[in-house]
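Following: one structure in structure tokens, then a few remarks.
Order as written gives the chain letters A, B, C and D; numbering starts at 1 within each chain.
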């Protein structure tokens, strides 16, 4: 931690900062220089010390800025966990060296629609089936999902097809219910900092698929993962799904593919990209899915609907079965070319 | 609703859109012209029709863009509820023509710290006392609040001082607990689209203080309010607390004061501004609080700590008691000058 | 300057950074600690050393992050120029303690339209008259201004009315032309980092009114001012005019009023706010202009048109004469209440 | 064009809008319905009519919102120019079906440094050599480039190596000078809306490489291209180089790869991606360059320095010769796999 003092900070102000550091049992290192003084704290800080110091020193007079010189996350960091995490869900491996596709409709709408979706996913070589039962919708007047009925359909269809299933859980008190039916718990972008939900998902021990919030920084994203990890659950999958767009008139969000190599460098967790929500436009999903693979993602999540024109939600971003199958062929070829297992 | 077709859209594509509209029992109005055709739907749409049409038509070929010509919220809108909402909480009026200050520390830390805070709020003419018991923290290693113990302190101190209390609730299943102890339920910025929470807060009937998410559009904000309102709870207070900053190195967020007149025009709900979180810097809180009043806000929420240097959270944005009392004097003078009741 | 090394950086990598610092004739201070080593450079750096070091060290292996502990601007900074700048333009004082209104139409359209504008500005107690002659327009097909003819009208009308004039200059080679006719050179938001223009405006010695770019950080803004100041021209006026909006559907930009106290703290230069471009909506101009005054701005720039319905550009954000005069009355009352000279 | 009236707009207000439309010689189409009335203008509008109407109607009472149903650019649009543009620069083809790499250092620093750069570019199969002579720098104290001396070096080295050259021009009055020495004129991100520069670059007839501004929407970007095209110069190359980042602590900008398929759909112009500025970090350049190719870009611009540790600018984002050559091999393999000519 480095504390930069204001230009003209008095000797007393510098001493007050040093005292605050000493009160935590640490040794301050005063660096007079340039136009201002900086004060370093070279020792290893516990999380508590780090937090307490930042709060206390931030309120002292003469302080210009407090800068952390280490990243705030630990369990999610490559620095403390050098081996890449590979998560095994019923034999499907997610992470380092594998490339997984999670396909299926935005919402589970009926047994017929969902089993047809599963058939297409399976036929095109897929292993993970997605579908929403509890739908977070911006408007209270939009279709909210089939809820538990949808989960039941998902469980049965997944088992029949031999596919791993993933569905969203929106609150901590529903983790138990959703975990009963599905293999991977999805935490949506709007819930990335729903801390009670993160904690319950952590306690469940189930694999957790965590989507980045639309304005979340990398540190905020990895700290959200840290909430799950710190409950003793190592099975966290990170998902980039687009950040706030400068321009919402051509795409719904801005898919931030450059976070893929960043996350792969700073964290050992698997990284998946969702180009369907990331762009919101079916015809951009293919190029972005392939770009994600090439950029180093461990997989993609793709929305497909047996009949997008009849979809109850997000029809404009869902691929048709033909488009989906064609994209799967492209991705498999590209993965082989790159020497990536799929 | 207006559907703009692509340039060169075929007659068949235009007909397919018209058919989709007719299937909802509505009449399409084809506007040939400029370089492309547009198709209007002039009838009144129910929420369901609106949503269904947008999804279905967005997936049709030849469609360039679907534009809604009316706003998606109803209950929150001035257009359908012309009288300004005034919420009465134990005799304290919030909304149109009144100016309220909600003051207190970031966190309830102890009975002593909190009752001292209450004394200062009361002494400076305040009516509402804030304080966090359950704290949403970006890092799992930060102080998480005193939890139920904090709520008990809050209730007792509030009653002793004769102040209305407000505290944050972070999940739907905790609404009952928090509602037992405090007068106003706060929903934080990170929870703005926690839909199960919005619904439970709606059902509780308690006044709900809803903070805008850091990248929420005005429509998304008012639709979040709509979730609460649609449960039959008319007591929603909107709070602007800063949006994602272009530059986090001088302020924590960008306080978007221009949303104040926008919200006052499009909605009848009370609008409060939180310059403490909005700037994250104690010395900018005063100017921004006064600017909020002048811009038309119905109140401000201000963090104050009896001793910011000892605060367990957010010390750098809390005012000292002296700064707080001085700001209260300024605000009261300004409110009088502007003819606003405080 | 602080260099944070990666966790696990080798002794050789740390030495390479130290060597690079020594090659600039400076002394590195190695701070082993926490999970990683940091290296401080406590001496005063010249701008050249600062820049060179950042570039060179950023390319070395094992380096995690280079952080500057001092701000990059000098001449614009309060730290090196403690007295607030007051600019005197033909007797009109701009800066510290004064509050100035710059009013007038978006574009100079005709002698009649502009002299009528001047009459209203003068009558309502104004001192500075604005109007565009060379108009930067997003589309090449939009009205581009009357150009030199507009400047001639401006000069004559300004002199007749006894008002100081301000108009935009869009390129370095036109500084001479515009400076011949107007009193203050305006540099638009899109030109904030047009460095050849900044340098020519600096050389002209004329007062320069510099608008913040729509995604400019505070440092970038003050460094743009630094370009003008470093040419020996101390007469720079800063203008906030709105940053990129999260939501363009209610306002054109997000007016960032919190930059007002930030700029007043870190710089000695006058700060003006333009709520007309900042919101893009006439009915929000008044509340935001008053909020700017209360937040500490040294003035506002307001668009007014004798007949907004006939305006050739930006009609939707221009006030009518009646609205303008009423706002001037409000601002003068508020300035008096606050003890600010107008 | 569609004008959406406010709910409760009066008959007189609706008539006033209709009259304004008729005064332009156009026929309004009134669509009563939903909660509000909309008014369509179905005829083909000239650019002037479009602009005039938007300005005038935006100022009328009772108007809620004016929406354009067609895109504002014409010459840049696929809708009016169906064939993809291929630009031939001294035999090097840029655009549709070709994949070009523009490589070289941030700045031309010396004949030796630049000819060594050229040798590496040539050896690895490259055709276009980049290098800055006039450098736009955020700080006036940073290295500003060798200026005309740099251009002379560039011209000689380019001719000796048989490479096409590209360098930045920062103002309209310098177009002639730069055009004398280099083959392609680069317009930087900060100059994207430097309209006098765009016009002069258009008049020069030289190929123009236009970088997207850090907060530019797609429409603003294509309208900037339209400025060049409307001068009769069809040789415009679009370049995505990263937009304003949510988080500047891991990458300098957010590279917006999803604009690649958007631009390829809506425009016929070639699209290049610059991952060096887009990320600002050498080790992310490779993954992002490959992702750009896969996403459909017509080429990439890559910074490489014979010795990044000695670079005078942007050393931290430049590849070493080894990294550059390795990336070229990867890109060529990937292009062959995808059936793209390089």
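The rule is short, and it goes like this: contacts are C-beta pairs under 8 Å (C-beta built on N, C-alpha and C of every residue); 3 or more make two chains touch, one makes a residue touch a chain.
Keep in mind that this is a model prediction, so the values were computed, not measured.
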### Task
Check A-C against C-D and say which one is joined by more contacting C-beta pairs.
C-D
### Message
Measuring between Cα centroids, what's the chain most distant from chain C?
### Response
A
### Query
Between chain A and chain D, what's the gap in Å when you average each chain's C-alpha atoms?
31
### Query
How far is the middle of chain B from the middle of chain D, if each middle is the mean of its Cα atoms, in Å?
38
### Query
If you average the CA atoms of chain A and of chain C, how far apart do the two points sit, in angstrom?
38
## Note on the structure
Distance between the CA centroids of chain C and chain D (whole Å) is 25
### Task
Please list all residues of chain C that touch 2 or more other chains.
65, 215, 219, 244, 246, 249
### Task
Would you mind writing out the residues of chain B in touch with chain D in their complex?
1-2, 4, 6-8, 29, 31-36, 38, 40-45, 65, 67, 69-70, 79-80, 244, 246
### Query
In their shared complex, at which residues does chain D touch chain A?
215-219, 243-244, 246-247, 249-251, 254-262, 265-266, 278-279, 283-284, 287-288, 290-296, 334, 337
### Query
Within the complex, which stretch of chain A touches chain B?
20, 47-48, 50-52, 55-56, 58-60, 65, 72-73, 136-143, 170-174, 190-191, 193-197, 214-215, 219-220, 223, 226-227, 230, 244, 249, 282, 308-316, 318
